[in-house]
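Below you'll find the structures, each written out as structure tokens.
Heads up, the next two complexes both have chain A, just with different partners, chain B and then chain C.
Right, the complex of A and B next:
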């Protein structure tokens, strides 16, 4: 199936689906969807001729499949699985979406303080805040998947914190994809709106249990007002049938703190775009991530930090472990604009290749237009140190175990950096589990 | 205990060991001396199973077991321990974790019960003391940022924890000041016993004042060219190696 016909399929599906999508009583959304569809029509799916898709060829993977919009309504034993994965969900607000639909039965929210909203976005489409922000942070222009998402999204997470409000417990949102026959897709839109000095901790957790191929297309928009703090974690645990395309786009006001973390282990093909605009002075952002890939997995991470204002800091550390014939891509761009004096921006990307066939494309880009700044970036790709391997073996540790020890010595830093007692044991387990079966 | 017969080995295309014969009985300490580049480290590496060497002849047995057929980890489990000339730094791996994993791997292979964190800590702390090592080094990454002396002490600590049958010390004295040398030598001497043997590779006689060997062998050109008692070391110190090898070599 050619790219063109895949695109046509989406265009023709829209007219049939239009009336069934949520937001029938929200005129703004109807307009937004139509505009997005038009933008998608013009842009089409990205090809590897685009610099930002150079190493991720969709025509050989995602675009060869055709996904139905009629994903079955289904349930899974989410709570039990989370427990097994090492999460103490009693300590979190749990939100569960199955195949793009909110599942009230599987979700369990704790009592929320006044001025704190945590709900599924489909139930908030007439909310003025939703109207004010959706599509305003993640623009559909020239972004095929964002446009597609705007046109087709069925649901997602909506969090709104009024000034000074603090969400103590993390909001753990699980997006499950499950199919048995036909290839399925879901388009999810999340919106996080933090007013002045508010604070939230959000976990987006994607996983799949599928027989056929599936496609998850997610866009998360985050607005951080003055002095607010958002700790965001994305865990990518799609199964090997999954194609995952995700964006997390933030806008930061004065003195806000944004931490975006990514742990990506799953999926046949995964692409994550993580972006923030440090729009006012003294805003701060931390981006950290670990991507682990094996077999023929393809994992592509693209970050963009836009230093628009003076006295802002950004710290970025991404690590990748690539095994078998898998491919990793890291593209990290930092733009320091003329006005962004006293910027402190640091970026590092390190990769460990476990086989000769494993590949990594690492592309750090620092573009600096201000003169009084501190910026650094570094990228490295290496193999397991044979000397260290022998040293461990010479002490009685098996070669296999020694390899794991050395992989964890490399990747474990990303787990150790995590302070959250809710996340840390589960992420350690996730990394250990990945090494166990590799 | 250790029987080496006609051992030949090469690296890439370079023949380095040219037929080594050496027997070490239980409880004995043998020293191997020789000029730089004579193949001392190569012998130590070949015994411990380091990759990159091709065995082109001969045999090595430990208590009758064919050592050359074993993987490095199985040699370690069988009781071979190499104290490295250049201990490897392993960032990201905690020293305690490493020591415990090593000890438990060895214990498990012998059918012994693995030690839990508490018992292990007690054991390792007791072994640190005589080596005058600070407990804080247990929390550091393996050899990372250790001084030369600390690295060598860490090797001896590992040996003390693993209690091997055969300890091979490759230039453990190099880079040590006299105080550290004494501490390390005391650490080795404390491990001497009737069922444990040592092969002490050294360039200088100095170490052998503290670890007194039963036999001294001179290795040159990949062969043992002379064997004697501990007094041979003193003779070498005085005369250098030239009178044995027929060349002028700096000792």
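Right, the complex of A and C next:
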């Protein structure tokens, strides 16, 4: 199926679906959806002629498939699965979405303090905050998937913290795709609004089970007001038949701290866009990520840090381990605008190739218009050090075991950086598990 | 206490008139402005070219018509009207020897300090000087001839060595490579040709001085340099241009071929008119430079010092085909006032054990915008390829920009590819330290900038290194105030 017809399919589906989408009583959303659809119509799906999609050709993968909007209602033993994966879910607010729909039965929220809202966004569409932010941070112009998401989203997470409020336990949100035979799609929209000096810890966790091909298209918008702190973790554990396109777009005010972490192991094709605008002075952002790919997986990570204001810091570290015939793409851009004096921006991308057929495309970019700045970036790509391997073998460790030790030495750094006691053991397990199978 | 003499202000230096701005008035035998098949036939006829070349030009023209101006570079300029450019102009009478060369032309070279005749002898440099589009003199030809080295103007080579032209022209930069290369292939007027036979180590540095003259004439040089097996050559290219109000278009193509065991060292000092402080005038420099390491153990090394031009769009590249071949790129790019430079390199690793090194130093001052754009590609067959890239940027002033856009594509796990980049400004503490040791602020800046560029200057032949350092201090004097 060609790009054009896939696009047409979406355009024609809209009129039928329109009445079923949430937000029938929110006029603003109807307008937003129509505008987004118009933008999608103009933009069309990205081709590899577009610089931002240069190394990810969708016409050979995602656009060849056809996905239905009718998601079957399924249940799944999420809590048990999470336990098995090493999460102590009792210590978190758990929210579960199945095939793009919120599942109240599977979710378990702890008591929330006053001034703290954690709910599914479909139940908050008349909320003024939702109206004020949705579609304002992640713009649909020239972004096919964001536009598509705005037009079609069914649900997602909504968090709102009033000034000074702290969400003590992490919010663990699981997005499960389970379609048993039908190629399904889900469009999810998350919104995180943090008022002055508030603090939240959010985990977006994607997985698929018992599936044929499916497509998850997610957009997360985050607004960080003065002095607020957001720790965001995205775990991509989509099934090998899953396509995942996701954006996390943040806007930061004075002195806010934003940490965006990404652990991506799953998916036939995974694309993550992570962006932040350091809009006011002394804002800080940390982006860290680990992508592990094997078989014929394609994992594409694109980051953009916009230093708009002076005295802001950003640190970025992304690591990738690429096995078999998989492909890893990293495209990181740091923009330091004229005004952004005293910027400190650091970016690093390191890739480990495990086989001859594995490929890596790395494009770390600095774009600097201010002079009193400290900016650097580095990128390296290589394979396991033969001498280190030999050394370990000479100590009586088998070659296979030695390889694992060295891969973990490389990738494990990203796990070790994590402070959260809730996440760390599970992520270690995740990385170990990935190496076990490969 | 006597008053301390005033240090030259930023304004004074940046408003300084372009040193080499003068126009020689000689009657040019020009084609009317515009581009069509007839103009191409006119150029080809004027140059008495064989049919294969005309056909090639026409093919390139047809291709060019279908192509669009590349827009991905971080450079901005008003669209160029390609029908308003004169594609051919030549000094009237074709000179046969130096004695016949228009004295005006010789005077121009003198003003530029081009070593000709005795000066050429003293400098130990063979010069194939290009004045506008027709070569006016070639020295040292005899000495080179004895060793079998061919070093002449491109048009001469077309007549005397058509077989080499036919074999190698377009073999590194095909006529349909990009918009500017296609344009050049269609309308190039002259350039340099060089062939170093098997096993010959070229005894002197070969040098071509380009000079743009005759108002409104775009320059389209074509350089083809072939180093046969185990040959060695060091080639220098240097440019200055007269002052002009209109933007001048320059789209050159340079092709290098290194066969088995050969080594080519290609050095450029580019000092074309950058435009006045408001960015008016100035050369548009869209150059395609590429070298092919065809044979095993061959080596191509590009060194460039770019201080001129309003717009620089230039990516000297190496295609490392032969096993154990080596590609190098050393660059200093300086932008001041309204200059824009988008420059870098491509290293395409195809052969086994190929190595490439990239060292790029960008200096931005005034409102200049400087971009490093580079590609390192390791193809699946390139076992044990190595690349090391280092891009440093220095910012002087708060209105300039420095950008780094590397593309790294690795398709073989035995490759080792590393990229590092940093951006910073000259530290107040560094300047303070130099000043308290008795250096003026100007000298301190010069010292620091020269230190910053040292790695690249070391790679230049000595004569060029001196010129480059001088150019750099002229370009940047007073930029930090």
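Methods note: the second predicted complex is superposed on the first by the 436 of 438 C-alpha atoms of A that agree within 3 Å, B and C clash if a C-alpha of one lies under 4 Å from a C-alpha of the other, contacts with A are read in each partner's own complex, and residues count from 1 in each chain.
Here is the rule we use: a residue touches a chain if its C-beta (ideal position, glycine included) is under 8 Å from a C-beta of that chain, and two chains touch if they have at least 3 such contacts.
If you're wondering where the values come from, they're calculated on a predicted model, not measured in any experiment.
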| item | value |
| --- | --- |
| Touched partner set for A:392, first chain B, second chain C, both or neither | first |
| Contacts of A:354 with chain B and chain C, given as first, second, both or neither | second |
| Partner chain(s) touched by A:382 [first = chain B, second = chain C, both, neither] | second |
| First (chain B), second (chain C), both or neither touched by A:20 | neither |
| First (chain B), second (chain C), both or neither touched by A:371 | second |
| Contacts of A:362 with chain B and chain C, given as first, second, both or neither | second |
| Comparing the two partners chain B and chain C, which touches a greater set of residues in chain A | C |
| First (chain B), second (chain C), both or neither touched by A:114 | neither |
| Chain A contact footprint on chain C (complex, rising order) | 72, 74, 380, 393, 395-425 |
| Touch list for chain A against partner chain B, complex | 385-388, 390-399, 401-402, 405-406, 408-410, 412-413 |
| Chain B residues touching chain A - in the complex, by the definition given at the top | 48-51, 71-73, 75-77, 81-82, 84, 87-93, 98, 101-103, 105-106, 109, 141-142, 158, 162 |
| Sites on chain A touched by chain C in the complex | 51, 338, 341, 351, 353-383 |
